[in-house]
Structures are given as C-alpha cells and as structure tokens.
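Across the two complexes that follow, chain A remains constant while its partner is chain B and subsequently chain C.
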Partner chain A sequence: MNILVFTKRVAATQEEELRILDEGKTVDLSKVPFKVNDWDNYAIEEAVRIVEKSGGAVTAVSIGDAESDEVLRRAIAMGAKDGLLIETGDALHDPAARSGMIRNFIQKENVPFDVIFTGVQSEDDQFGCVGGILAAILKLPYSSMVVGIDSVEAGHMVVRRELEGGLQERVKISTPCVLSIQSGINEPRYVSIMGIRKASKVERKVFKAGGYSEGADAKIEVVKWTYPPKKGGAMMLSGELDDMCGQLLGILKEKGVYQ
Partner chain B sequence: MSYTLIVADVRQGVFGEANLDSLGIASLLGKEVYLVVPEGAYEMNEKMADAVVKVKAAEEVFLNPLNMGNILEQVFGAHGKPGHLVFCHSSSGAESAAYAAGLFGFPVITDVSGYDRERGVFLKSYYSDKIFGEFKAAGDGPCVITVRSGSFRESVLEKSFTARVEAIENVEIAAGRTFIEYVEEEKSDIDITKAEFLLSVGRGVGNQDEIPSYEELAGTLKAVLSGSRPVIDKLWLPKARQVGTSGKTVKPKVYLAMGISGAFQHIAGMKDSDCIIAVNKDAEAPIFQYAHYGIVADIHKVRDKLKEIAKA
Partner chain C sequence: MLEQLATRVTTCIQCGRCTGSCPESGKTPFNVRMLVRKKQFRSVIDEAVPWYCTSCGACTIRCPRDVKPSEVIIELRSKMVEDGDIPVALQKALENTFVQKNPWGKSRNKRAAWMEKLDFEIPHVSETESKRLLFVCCIQAYDPRCMVIPANVAKILKAGGMEFGILGEEEACCGNEIRRIGESGLFEELQEENLAAFKEHGVKEIVTLSPHCMNVLKKEYGDTGIKISHYTEIVAEMIANGAITPRGSYGKKVIYHDPCFLGKQNGIFDEPRAILTSVKDLELLEFSRSREVSLCCEGGGGRMFFEVEATYQRNAEVRILDAAEKEAEVIATACPFCVMTLEDPATEKGLVVREISEILTEVL
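Now for the complex of A and B:
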C-alpha cells in the first residue's frame, strides 16, 4: 500500500519567550529552534510500520520554505522512500489554502496513493483542519484522532478514534481515505544524526508552490497577533531554591495534604 | 435573514456541557440561533435556541462527518446558508467542522476562545497558548468555527420561549465510514480522580529515567503521581494516570504540576482543583495563568530540594 504522509516543520516554542513585532503584524521566531511537528512524527512511524509489514511505500510531503527539507530527511531516515517539498516562502496560515494546494499538487503531479496520513494538528497553529478539508475536497472518507489501526484489508481499514475521557470508537473506513493520526498511537523510532545524514543521500524533489495555488486562496486572515489574555495569574514564590521549596511545603501543610 | 447554526455534540446519550460554549458564542454573534441535534431521550434546555432541528438518526450517524454534509444541505435548503456554523472543538466537532468546511468551501477558524463583537474578530490560540491571533474570514460568510470548551458558557442567554422544533426525517448515510462499537478504557487499580493530592509531571521531566525519582517524591509527599499527555503517550506512565480532555478530569485539594506548559486540553482536566501549584522553568508558561502559586525553576532541582527538606 502506498501511503502519502504530510509532515510540517514547526517552531519549538514551549520554552521560548515569544515577542510580537510591527504592532501585531509578526511574531518574532528568528531565535526559536525548529523541529518536526510531533503529531506528524507519529503519522510517519505508523505509515512506515504498515509498509514494513505489508509492502508498498511511504512518501513524505511538506509545504514550507527550503528549510523544511529537514523534516523530509528525517522522514526518510525513519523509512519513507521519497520526500517531496512544495516550496513556498509564505506562511500559509489558512488550512484551507494548504489543503487546496495539496489537492492541486496531488492531481497535477499524479501522485499515487492508497491512503493519506496527516497529524491531528500542527503544534504551531493548532488548527487540526488540513486532513479533514483535504479529505472533503478529494471526496474521500475521513477519520481524525486515529489512535489505533486494527486491520488493513483490501478496500477498507478498521481504525480506533479517540473521543473524550478515555473513550474510543471503532470505525470501518473504505480506502482510499484520509486519516489524521493522534499522538501515542505508537512509539516513534529514534532517529540518529547519522541516520539523517544517510537519508540526505536520497534525492528529495522540490516543487514550486506557485504552480498549485489556483483555487487555493486564503479564506481567512490574521488581523493581528496578541499576547494571551491575562487570567487570574499565580502568586509567584520567590527567593532561593530553599526558600521557595520551604514555602511550597508550607502551602501543602496549610491545605492539609501534607504533615 | 442570516442566522447562526450550531451543530450539537451528543455522545452516548448526553448533551455535552461543551455545547454551552457554542450557544454562548451564538448569543454574542447576535443572530437567530438554530441548533441541530440528533433525536434522542437526553435532556437539554430548549430555551437556549430559537429553533431546534431534530435529526432522525442515531447519534453515531449524526456524529459521522461523512453524513454531516447531507444534514447541513437539508438545513441550508430550508433556511439558506447561515452566517456562522458553530461546532465544539471536541474530537467529533473538530472532525466534522473541517470536513464540512472542505465540502462547502467555507472558511474555517478552529479552537476559538474569544470574540470581539465590535471588530468582528475571533481570538484563536497559537504556539500552545503563548500567542493568540485575531482572525477574520474573508467575505460575509458563512464561516465555520469550533469553540474551545469553557470559553463562552457565561454568555448563554436563556430565552423567554421554548425553541420551535423542526425535523429532518431522512439522512443519506454515507458508505465510506461506519461505526462499529465503542471501546472503553481498560480498568485500572489506581483512580487519580479520587486522590486529594496529585503530583503531575509533564514533558519537562525530560526522559523516562527520571520517572522513578518523581514516584519517590510522590511517595514522600503522600501524593499520587499523574501526568500530561506526552508522558502517557511515551508510556512513561499508564493511561489511567493521564489528566486532561482525553484522560481524566480531576479536582484534588492540591494539584502540583511540574514541567507542564498548560495546553487547554490539560487545563480543562484540572482547572477546578482547590489549589494549583505550578513549577516550570519558563516564566511565560501558560499554566501560570491558571495556577494559584508558581515557582520558576528547574523541576529536577525542586524535586531534589523537596526530598531533602521533607526528609530532614
């Protein structure tokens, strides 16, 4: 089975101080490290496992600037056969624009696939939309939040979707289809620097995004970036480590959970 | 005349609380509110919408995004297209929202947690809540939005009348995806929802080898150890210990979060704890907005120091 997996290079902002520039027009990411979108890492692993078990090939695709080649090399190191970059310098915030571009690309380049995997969401934009929109415009069945692929048969798959509070539903979905893969579905394999270096020897193909933008205009716009709305806010304990930990234990005693 | 169309989330016979957030933002949008629901025996307040469209279909048929297109077509056929089409930002809400946006070519903005009425912009989280974007759809709509649970329920307006009821008698059922069964989580001997004191660790613990030392700290403090999703995804702790929307909702006396950033899926599972204490090396971590007390420090140092003082 041929699996097309989408993988995005995202800013790793968890431990970074983010600043907004130009009166809300841009978020300064110039000093922030980048990495593969966590959810896509699970999607690639899942695709590679299926192919390792029952044959076929995994093709990794990314939309982004030239630097996104990095996530393609990573995917190849994990077992993808090919890496395709749809190159654009623009940040495409609108998931509909990205899905439209992907559809145009698949159709124009006749990219063969039996199944398409995306991650559940991008860590940076948290839209959780590209897979669903893509499925609809390709007229394919769709399932998001996939936490288990129980069986892969000719013409269909049985998958488990995650719902809320630990509940799951098992559904039967016909192929070709689009699945958005949820974190925790597997344990992604470790990728070494050596492995990535080796993967660099596999040629990645680059396509200019301009050729696939017809009918894929942005339907939404960012008016402004802002800092998070302030909620209550914590009372910050201060002083040396000793003091802070002493205060912490004091709070635990006061709340009656620790003697 | 334009209206706001809400697609309800009804799962296992329960009209979920998250629907209140959809109804809340609909009040702010200020148009007539139509609520589409699967027909069923569940309870809901029928004074919160102008019209309720009851779809004669099983809940699993209704929640299947492939069938949503036909349901919406029938509503649009009777009433025209809405100004906004609102879903919960839940597992099924987010799924159907994206699929419907694709089917009808509507713009979509997800995980909306604020709305500025005067400027007509929606507030959406970016970068795990460290930055927000004010978004606007091009044109006059329709626009699909999904709303973050807990964001708008205070804005719900109860009307003085009970909603008109309409029915959709037949839904065209798509063959491409069918429901088989629900799968419940495996039972576990530890129930973190019963603990008075939870010590919860996040991705900040760094690696699996660190877990035993936090188990030890939990033992010293007489706390129960729980975790955020990445820790459970990596199998460092069992699934039954996960706090958050796709794990457990907990309300201990004290919730001590170490190395957890405060994504809303996590916050939703612990925000009602009596006392939240957060330790994080990033002073801007969103969790400090929800915590009562905060410490900016390396969690491993705090762990070692707490053990040291507690033993002395």
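Now for the complex of A and C:
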C-alpha cells in the first residue's frame, strides 16, 4: 500500500507570548522555534507502521518554505521512503488553497497513492479541514478523527473514528481514500538527531508551488490578527507565600469549594 | 572526546565492585555488573533496566579495570535512542530540548526570566571586561524552586566584587543529562551551539551553578581553553581572601549532602564545607556516607525527567532519615537536582533543604 502523508512545519507557540505587529497585519515569529505539527507526527507513525506490517511505501509531502525540508527529513528518519516539498514563498493559510494545490500537484505529477493521511488539524492555523476539502475535490471517500486502523484489505480499510461522549465509530471505507489522523492513535517513535542526519542522505524532491496554483485560489483572507478580549473575574493574590495560601483558603471556604 | 570515553567491556573481570558501589543495586532490578557481562556476550537485556542508572559515576570511579561501566549504560541507552524506543517522558524531554533547548520545553525567550527578581542588571557577557560567564542552564532558568539559585549566586558574586555576564536567550542546555540519556547527536548540537556562543563573545571563564553543567563543560566539551568552575569554588575563595564576609548568624544544625557530580566525580568536597563553616553559629554535621561515598539522590542520568517502574524506598528518603538521625535541622547541598529530589521527603519529615547560596544570601 502506498500512503501519502502530509506533514507541516509549524511554529512551537504553546510556551510563547506572541506579539502582533503592524497593527494586526502580522504576528512576530522571528524568535519562535519551529517543529513538526503534532498531528502529522502521529499520521507519519501510523503510515510507517502499516507499511512495516503490510508492505508498500510512505511518501511524505510538505507545503511550505525551504525550511520545511526539516520535517521531511524527520519523516524519512521515521521510515518514509521519499520526501517531497512543494515550496511556497509566503505561508499559505487558506485550507481551500492548500487542498487545491495538493490536488493539482498529485494530478500533474502523477503521484501514486492508495491512501492519503493528513493530521486532523495543524497547530498553527487550526482549520482542521484540509483532509475533508481534499477528499471532496478528489472525489474520494473520507474519514475524519481516525483513532484506530483495525484492518487494511484489498479495496477497503476498517477504521475507528473518535466521537464525543466516549464513543467510537467503526467504519469500512473503500480505497483510495483520505483519512485525517487524530493524535493519540499511536505512540510515535523517538526520532534521534543521528537518524535525521542519516535521513539527510535521502534525496528530497522540491517542486515550486507556482506550478500548482491554478484553480486553487484562497477563499478566505486574514483581515486582522487580534488578542482575545480581556475578561474580568480573575483575582490576583499577592504577598508572602503563607499569606497567599491563607487568602486562597479563605476564598475557597467562602465559595463553598473547601469546607 | 567521546571516543576517548568509549567503554572497554572486554577488560572486565566481573569483580562486582561496580554493583557494590551502585546506589540502585539491590533495591531495583538494575545490576550494572550483569549489564557489562551481557554487553560482553551481546546478550539480550530487559529494555527497562538501563534507565535506572543515575549516572552517579561510582562504578566508573571504583572499577579496577577502567571498564567505565557508566559509559556502558550510555551506550546501551544510545542504541534504544537510535531505535526510537525509549520511555515517553524521556522522549518528551529530548524533543523539548531539540525545540526549546531545555528539557522542560519552556520558551527559550524566557531563559533570563529569573533576573526579574534582581534589583540590579546583569550585562550580556560580551559587554563585560572579564568575559566571565555565569552559565545558568535549564533547571535554574525555569524551575520556580530553583530560579532563586542564579539570583542568589549573582548577588553573592556582586557582593564579592566580581564582574560577570550572562548569555540569556543565547544559552542552550549544557547537554550533560542529554548525553547520559544516550542522545549523542542532540548533545553534539547543544555543544556546538554553546561553543559557538562562547567563541563569538570571547568567553574566557565560566562559573556554573549546577555541578552537572560544570562536569560536561569541563570534561566533555573538549579543549575549550576556557576556565570552568563551580560557583562554590569561587565563593569559598572570596570568603578565604575576605572579599565577602557572612555577617549574620545561622544558628542551626546543617548537614551537607555531597552532590555526585560535584563531589565524587569532580573532587570538590571542601569548598562547599568551607562556605558553610564560615557562617556564624552554623553547626556543620556530616552524613556517615559523605564525600566520596555520598549516597546519590537519584536525580541524575535523566532520572529528573521520568519515573522508573519499580517501587522502592528512594535514596532521597534514606538520606532524609539519615539526616534526621543525626538531628540535623537543615540539609544543605550545592546541586539543583539534589534540592529537587531531597525536598519532598524532607518536607514530609519537617526538615528543610537549602542550596548553599540560599543560606549564604540569608547571612550576607
């Protein structure tokens, strides 16, 4: 089985206090480190596990600037056979534009696949819909929020989808298809620096994004970046630790949380 | 440098001095002699076992054949790191170090946040005349309990009239624990990044806060030509030559716990004691197992970042019970990892753990 997996290099923003610049036009990412999108890491791991068991090959694809080669090397170190970079100038936020570009790329370059994996969403833009749009425009069946792949057969797969309320939905989906992979589907292996260095020896092909943008226009436009409005209701305690603990205990008792 | 540290398992005569000196032996499934034997015969090992090692170094110090068993453990771990099959908590620590240059994954941009509590500015090392660097490193830069250590040491060095600077956000994890977890590639990257910063800013001397940083900078960064010290060495000298004089009184019974990376691995036993005994009314007590035979607190070798499987009485608790038996009121040490591991059981027994700089700041 040939599995095409999309992987994205994203800003590691969880620990950062991001600054908006130019009156809302941009966000300052100059000092923010980058990493692989967490969901894509699970998707690559799942794809590699499938081909390790049933044969075939994993091809990792990334849309982004030249630095995105880093996540391709990482995917190869995990077990992907090839890495393909669709190199863009500016970051491409719009999910319809990304999906359209992927369709054009696959069709124009005749990229063979039986299944396409995407992560459920990316940590930066969080649209969570590239997989769905891609399936629609490629006219392929689609399953979102995949938390388990129970079997891989000729012509179909059986997968489990994560639902609310502690439920899972098991579905039979015919191949070729698109699956968006949820985090927690597996425990991704550790990728050592030595492994990434070895992976650097595998050639990664670079394609210029400009050749795949026809009919892949953005449907939405970022108007402004803003901070969430400040809300009231928070109280900051101050003073020495013992004092603050005393104050906190008083509040908890007053609110009836602690008797 | 790493090649020189390569192990020599074939010379092992299985005398068992390593196991006899190991702080994990007998109470956990860890048997270092057995692991060396298995390495000799290339036998299969239980993958959970090498992760018990605390890298205290006692086995390597006492080995009569220079086998360097603690390096054997690193080699075993390296294989698992290369295979990608390591405990999840350690995986996170390594991935965090790759992205943010510290195992906790805190923002690199906040690496100098500990300075907020100081009422004076510390210049960047490039702006100093002496090119003397205070190397802060991760736990002191980010852990709320340990952030007082760089602040205190900075106050003490300033009081002693010493000029120094910091690297701030340019500093990366020293890599001592990373190498011991077996991630040699990541260690090399950290080493290269720090060495480039030292070179760019013309660093001539480094004062470390953690003995772990001192160890790796001194012994595993290669010949840097930079003088590396632990802050206790500098401060003991300042006290000896009268540059600082502790004026206040500290009328408590204080027992000193030798950190493995400061004491047995780097021979710094007297300086921390000299600092403590310079304090008026401080009564210094000694553990039965002190200096070269100090009992490891189990915070090294990656153990700060994950819990081993076995349930047993932790060495930190043993240490606190020993301190209580000696009727100590305060356990003093000179390593942030020791502070962290000793503090929980100490609090439970009503004892106090203090990093030496905390005591000194109180009486300065």
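Just so it is clear, the second predicted complex is superposed on the first by the 235 of 259 C-alpha atoms of A that agree within 3 Å, B and C clash if a C-alpha of one lies under 4 Å from a C-alpha of the other, contacts with A are read in each partner's own complex, and residues count from 1 in each chain.
One rule holds for everything that comes next: contacts are C-beta pairs under 8 Å (C-beta built on N, C-alpha and C of every residue); 3 or more make two chains touch, one makes a residue touch a chain.
Note that the structure is predicted; figures quoted are calculated from it, not measured.
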item: Touching partner for A:152 - first (chain B), second (chain C), both, neither; value: neither
item: Touched partner set for A:15, first chain B, second chain C, both or neither; value: both
item: First (chain B), second (chain C), both or neither touched by A:31; value: second
item: Which of chain B and chain C A:189 touches, first, second, both or neither; value: second
item: Dominant contact partner of chain A by residue count, chain C or chain B; value: B
item: Chain B versus chain C as contact partner of A:111, first or second or both or neither; value: neither
item: Partner chain in contact with A:57 - chain B first, chain C second, else both or neither; value: neither
item: Touched partner set for A:202, first chain B, second chain C, both or neither; value: neither
item: Chain C-contacting residues of chain A that also contact chain B; value: 14-17, 187
item: Sites on chain A touched by chain B in the complex; value: 11, 13-18, 20, 27, 38, 93-96, 99, 123-137, 140-145, 158, 160-174, 177, 183-184, 187, 218-237, 241-242, 244-246, 248-249, 251-252, 255-258
item: Chain A-facing residues of chain B, complex; value: 11-12, 60, 65-66, 69, 90-92, 94-95, 97-103, 106-111, 114, 119, 121, 123-139, 143, 174-185, 196-197, 203, 221-223, 229-230, 232-235, 239, 242, 245-249, 253-254, 256, 261, 274-278, 281-282, 284, 286, 288-297, 301-302, 305-306, 309-310
item: Chain A residues touching chain C - in the complex, by the definition given at the top; value: 12, 14-17, 31-35, 78, 187, 189-197
item: Touching residues (chain side chain C, partner chain A) in the complex; value: 81-86, 88, 91, 94-95, 98-100, 105-110, 169, 183-186, 188-189
